[in-house]
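The same subunit A turns up in both complexes below, where it pairs with subunit B and then with subunit C.
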Partner chain A sequence: MSGYQIVVCGSIVPDPLQTLEPVTGPSGPVLKNELMLPAVLDPWAGHALYEAANLAAKTPGSKVWLVSLGPKAKVQQVMMAVGQKVPFELVALDGPAGGFVDAHETAAALADAVKAIPGIDRTKLLVFGGWESASRGAGATLQILGERLEIHDQFQGVDQIAPQADGSLEILERVEGGQHQISVVAGPPALLGWATGNLPEPRNNPQVGMANMRGIMPALQKSKPAKVGTGDLQYLAVTLPKAQRETRVVKNMPTDEIAREIVEWISKD
Partner chain B sequence: MSNENGAIISTPEPERQSMEVDIACVGFGPAMGGFLTTLSRGLSNADGTPAVESAVSPGMPPQVVCYERADGLGFGVSGVVTRARGIRATFPGLDASQIPMATAIKHERVLYLLDPIGASRRSAALRAADLGIKAWGRLLPWYRDHALELPYAPAFLHKKGGLVLSIGQFNQWVGEQLMAGGQVQLWPGMPVSQPLVDGDKVVGVRLVDQGVAKNGAPDAGYMPGMDVKAQLTVVADGPVGAVGRALDERFGMPEGHHVREWAVGMKMVVDLPEICTLPEGTVFHTFGYPEPEIFGFMYVHPGRVASVGIFVPSWFDSPIRTSYLYLQHYVQHPYVWQYLKGGKMRSWGAKSLQESGKRGEPRLVGDGFARIGESSGTTNVLTGSGVDEAWASGAQLAEGVLELLHAKKPFTRENLEAAYVARRRASWVEEEGLVAEKARDGFGRGVVTGLLGMALSGMTKGMLNLGPEPVPPHERLGSIEGYYQGKIPTAEVARIRDECRKKGQSLAAALMRRAGWPDIPYDGQLLVTHQDALLVGGKVQAPGGYADHVVFLQPAVCESCGSKTCIEICSAQAIAPGETGGVPAFDREKCVHCGACLWNCTQALEGETTNIAFRAGAGGLHSAEN
Partner chain C sequence: MDTILFLSHTEQDGKLPRAGLEALGAAKELAQALKATLVAGVFGKVTQPAAAQLAGTGAARALAVTGADFADARYATDAAAAEALSRAAAPTIVIAPGTSRLSRVLPAVAHRLGGRVDTHATAVAAKDGAPTLTRWFYRQRMEATLKRTERPWVVLIDGGCHAAVVPDGGAPALEEVPVAIGDAQRRTRVTGFKAPRSDAQTIRPDAKILFVAGAGWTKKQADGKPHVEEAEKLILGFLGATKASLGSSKSLVDLSGEGNAVLTFMSHLNQIGQTGATPRHPKGLATCCHGEEPHVVGWRFINERRAVNLDPNCGWARGKADVVYVADAFEVVAKVNALLK
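Coming up: the complex of A and B.
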């Protein structure tokens, strides 16, 4: 094996704890003040990226691309943090990241971007992404992307990948009941939707950052508007999740009573 | 590290990496924005070829990297009203609408707020004035809702022609353009622990260790902080920044200079209620309430959003000076509440302000380093202006650095003096800073003297000033019992202290309640608990793998400390009574890095150093609207 070509698809989502408020924009629902909200790499895609980098580091000749569809200015901000983590080459697509887009449109844009990567070789290609998303949890984007790329070996809820001596890949995949299923695929091309994996978030490394940034800014400058969020999709209604923060100051409440209230509160959903 | 049998396992210490750049920059705020914006425009020619060459990467333009402690470029806190002279000099024809939350100032009011509750501690003179205002106020067109709008305010207090800004959004706007230009690299989430000093020369910076336990000991994924070697280190890490303070310690302050005047600035960003008709660009400056020493402000941004906050200064001699409680009482003052009632907190945050201004100016340059911004003494304490001056100092340094790069001169102290310090000395920043240098000294003797002193300094262009030279904050603060003498019996203070220690709480709420301040009527929207302000407003977070940045140096000193002002002043309840009641407990996940604990520690160790070390640390606010 002369190395993998690992393409990680991952977008950005609002930084945790931000106050999200859907409003109606010119082309449908959007998040209020989306461009003012701090953003982070979608945590599910983050796991995929760090696993990709780990696999590439252990397999000489490998390379990692990160294909990211989001507002260019916000992707740039996020890259200042993610760029310090692991080596990758960015492929940027300019478009909304608020989650109000059709999974088919998103997958089509991502597939076109993957196909357009110079020198991409299907015999080495592993497409990674998050099996979930903090904003685009349609549950279908990655599968559709795989179909559009004609990659039929797909795995979802992946926690581990282990290259074998014969070139095959052993994949640990989450299945129902809290169990894992071990599968073996002959080799690339394959698509893996990652669960959490097993790796901690890498430390910030200034040298990695400097190397990455040489490619990140040109990639952002070259990024073109993606054709998403412009189709016929119509949203009949958009609501916030029901569970919202409730503040109440209570003194001297027994722990059993606190536990009972929490269970009751969670059960509302 | 030990194995399961407890035996010590010897693991090789990871090697400390290093890399070389041309210019290493510490801290990204307005000063660094001014520096990097001006510098980056001069590093390349119009055709893209390098205008000057890198010493470490021949053939390339100079390699410039900037490390910012916070997790994002916009995560600092400081909504400002600024005349924006320095900013406009860099961006002629600046269109404020391009910067989120920015707008031109349209109306300014200065208000004296009376105490509608009767709980604030006012001098006899102030009480007499209040009585007079209340008695005759109805006849005055400027009096309503327990507030007197001053019919006249001196010109030096106005920001006419200026801008209302969210510094969080402004920093992001500047950062976006810098990154897009590709001449400099900005790395948030990367605290710098210390300068690298070789003899008397600064040769770069050391980044913080990662993968360490709270006490700094190597832990899983240990990665020693990298050494970044540089020809020039530009320090703009703010008033409590670890690198600037290390330089002060190493090289000393110039004769007669010191940093003894401080304030905590705390604010909320509020979605104003639908019924509020205040136009954007409206600005209030207030004084008199919730305590006479506490100044307040309200700025209206575009989109029915306002910044509302207070400044709690170091010369407010209360050992119980919890800014958050005072902020909650401030927003409920009838004059302010009429606009805020029904509003909703969007964001919240706090920071320390270095209020010594020109008198707090450190050594601006030395071999291999230069200082800009707030920690370099740019803040004008008479006009209450800092962002504009900070930006201008950065731009001045950049002009000097470009001059030296073009002349292929090294960054020695002499060369930086000629290229940067001389520019600064000849500028309006210096001229106005000198006028303001002693303008606030009167506050050392009380609010009324302080206000008169400011007026005198302003009217006479700094020729005449009132008041003594400031003393360090720890020399001003008395005991809690002394502060509440006549209001709360000593035995009751002792009882409250004991109860709060058992609950792990600060004293502020209990003592203020006992002193007559009413409970806060939480509404879950604008009036929320302190902890909710951290989560809903500040979105405070802290990544794992970093050492605690607040350290109590000598536990025995904390054990014997009676006031523990560090707990009371803490902007985020990150410092709380310790389990044994002696050494306070620090919770890094709540800290907003305001640094108030540093200058509120009452226990001096040596000189003006106190028992709290405030080091470089990761995490903090995650809101970009402040």
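Coming up: the complex of A and C.
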């Protein structure tokens, strides 16, 4: 095996600690002040990226690309941080990354970007991404991307990939009831939608950061606008749930009494 | 007129999964509301036992793709089966349960059919003669109702969102739809399952209560020392007595992943929240979790919520739980366990 070509698809999402509020935009719902909200790398896509870097580091001759479709200025901010962590080459597409965009349109734009990567070789290709985004949470973009790339060995909710001596790959996917399904695919091409994986977030590495930055800025400069939108989706209503509960804060209650109250509550149908 | 295809795999015993019976209930109701034709399509190694479960749904046809090639949840063969059933039924709407098996393939199948897909639907309904769907965005932080014009529209419904159908009457005859499978579709082999040791099987989707442990269980306590072993005993004691499902905050599972002395039975699969699961249980008890927003989104589908935390200013106290007990979780859970004995 002369290495893998690992293409990770991942974009940005609003920092989860931010308050999010839907408002109506010119072509459907958007978030209030969407472009002002601090953004982070979409968490499951982040795990995919770190797993890709780890696999590439263990397999000589491998290379990692990060294909990111998002508003250029926000992607740039996030890349300043992500670029410090693991080596990759950025392929940037300038377009909306919000939750109300249609997965079919995003997948079409990503497929074109992957096909346009110079020297891409199907016999080495592993397409990675997060199994769901923290914005749309569709769990649909990667499957459609895979179809467009004619990759018919696909895995979702992946927590582990292990190359075998014969060139095959053993893959663990999350299934119901806290179990993993174990599969073996003969080899690339394959598509993996990652869940959490097994790696901690890598520490910042200034050398990696410097090497990445040489490619990140030019990639952002030449990023093309991607025509993605809500497609045929029509949103009839987008609402915040009634967030506030009437919380009863119980202070100074003896432990015995708390325990009795909890047991009574648990036992009641 | 709309044709609605109810689409599901079968389990190893040839019956529909529970989420399948729920999606079938949703498909049946939608067909009635839209005055649409209902067609059922099932696939798996064995399908005949599912026929009896389709009884009384009013399905005009019942289609099946059956055989050893469809025993395992494998993308290439599952997609081929689902595509063949869809082409045979020529539906405008496909309703399927959001099991891991169908979630893996149906977005791709929608693309093959030239249609569109929506996942994690919590409800489908008819409005002015057209179907609409409800789902959450931004990890359960806002809820939207939407519709589409493109067809076929493939909809995956999350488990626990609709009442399961109760079969009634005679089983329809299954019409077998032929699907040719070649070696190209067998590049992947499913070789087995990895389950936690049976005493460590802490994720119980059908449990009445979710018990969530936070990083506080591993932190220094009043005496200046952590008490991780005691925490393990208390948590396992509670799970044993109540048959609760175990959830975790992100901080706690991350500690486990980084090799710290922590709860040995905890893994990323237990994590709930922004980057974890959003399970459905009638009740939830949070212990030693701070109750910050990324954590609380994991509680969206927990009806009654209580929390135990030492900190009266924790996030839970701000309108997120029904009751917050400001108390030491070690003491409270020990007493609770004693009472449950």
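The criterion applied here is as follows: the second predicted complex is superposed on the first by the 238 of 269 C-alpha atoms of A that agree within 3 Å, B and C clash if a C-alpha of one lies under 4 Å from a C-alpha of the other, contacts with A are read in each partner's own complex, and residues count from 1 in each chain.
We take it that a contact is a pair of C-beta atoms (placed from the backbone, for glycine too) under 8 Å apart; a residue touches a chain by one contact, two chains touch by 3 or more.
From a predicted model like this one, the values you see are computed outputs, not experimental measurements.
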First, second, both or neither for A:37, with subunit B first and subunit C second: first
Which of subunit B and subunit C A:100 touches, first, second, both or neither: second
Touching partner for A:165 - first (subunit B), second (subunit C), both, neither: neither
Partner chain in contact with A:134 - subunit B first, subunit C second, else both or neither: second
Which of subunit B and subunit C A:17 touches, first, second, both or neither: both
Broader residue contact with subunit A after superposition on the shared chain, subunit B or subunit C: C
Which of subunit B and subunit C A:204 touches, first, second, both or neither: first
Where subunit A meets both subunit C and subunit B, residue numbers: 16-17, 200, 245-247, 249
Contact footprint of subunit A on subunit C as seen in their complex: 73-76, 79, 99-101, 103-108, 110-112, 116-120, 127, 132, 136-139, 141-150, 184-185, 187-196, 201-205, 209, 242, 254, 257-258, 268-271, 274-275, 283, 285, 292-294, 297, 300, 304-306, 308, 312, 316-328, 331-332, 335-336, 338-340
Contacting residues of subunit B [partner subunit A, same complex]: 17, 19, 63, 65, 67, 71-75, 100-101, 169, 172, 175-176, 179-180, 182, 185-190, 207, 210-211, 220-221, 223, 226, 228, 346, 522, 524, 528-529, 532, 535-536, 539, 541, 543, 545, 622-625
Contacting residues of subunit A [partner subunit B, same complex]: 15-19, 35-38, 73, 76-77, 80-81, 84, 200-201, 203-207, 209-210, 213, 217-218, 220-221, 245-247, 249
In the complex with subunit C, residue positions of subunit A that touch it: 13-14, 16-17, 20, 22, 29, 31, 43-44, 99-100, 102-104, 107, 134-141, 143-144, 146-148, 152-157, 159, 170, 172-186, 195-196, 198-200, 231-241, 243-253, 255-256, 258-260, 262-263, 265-266
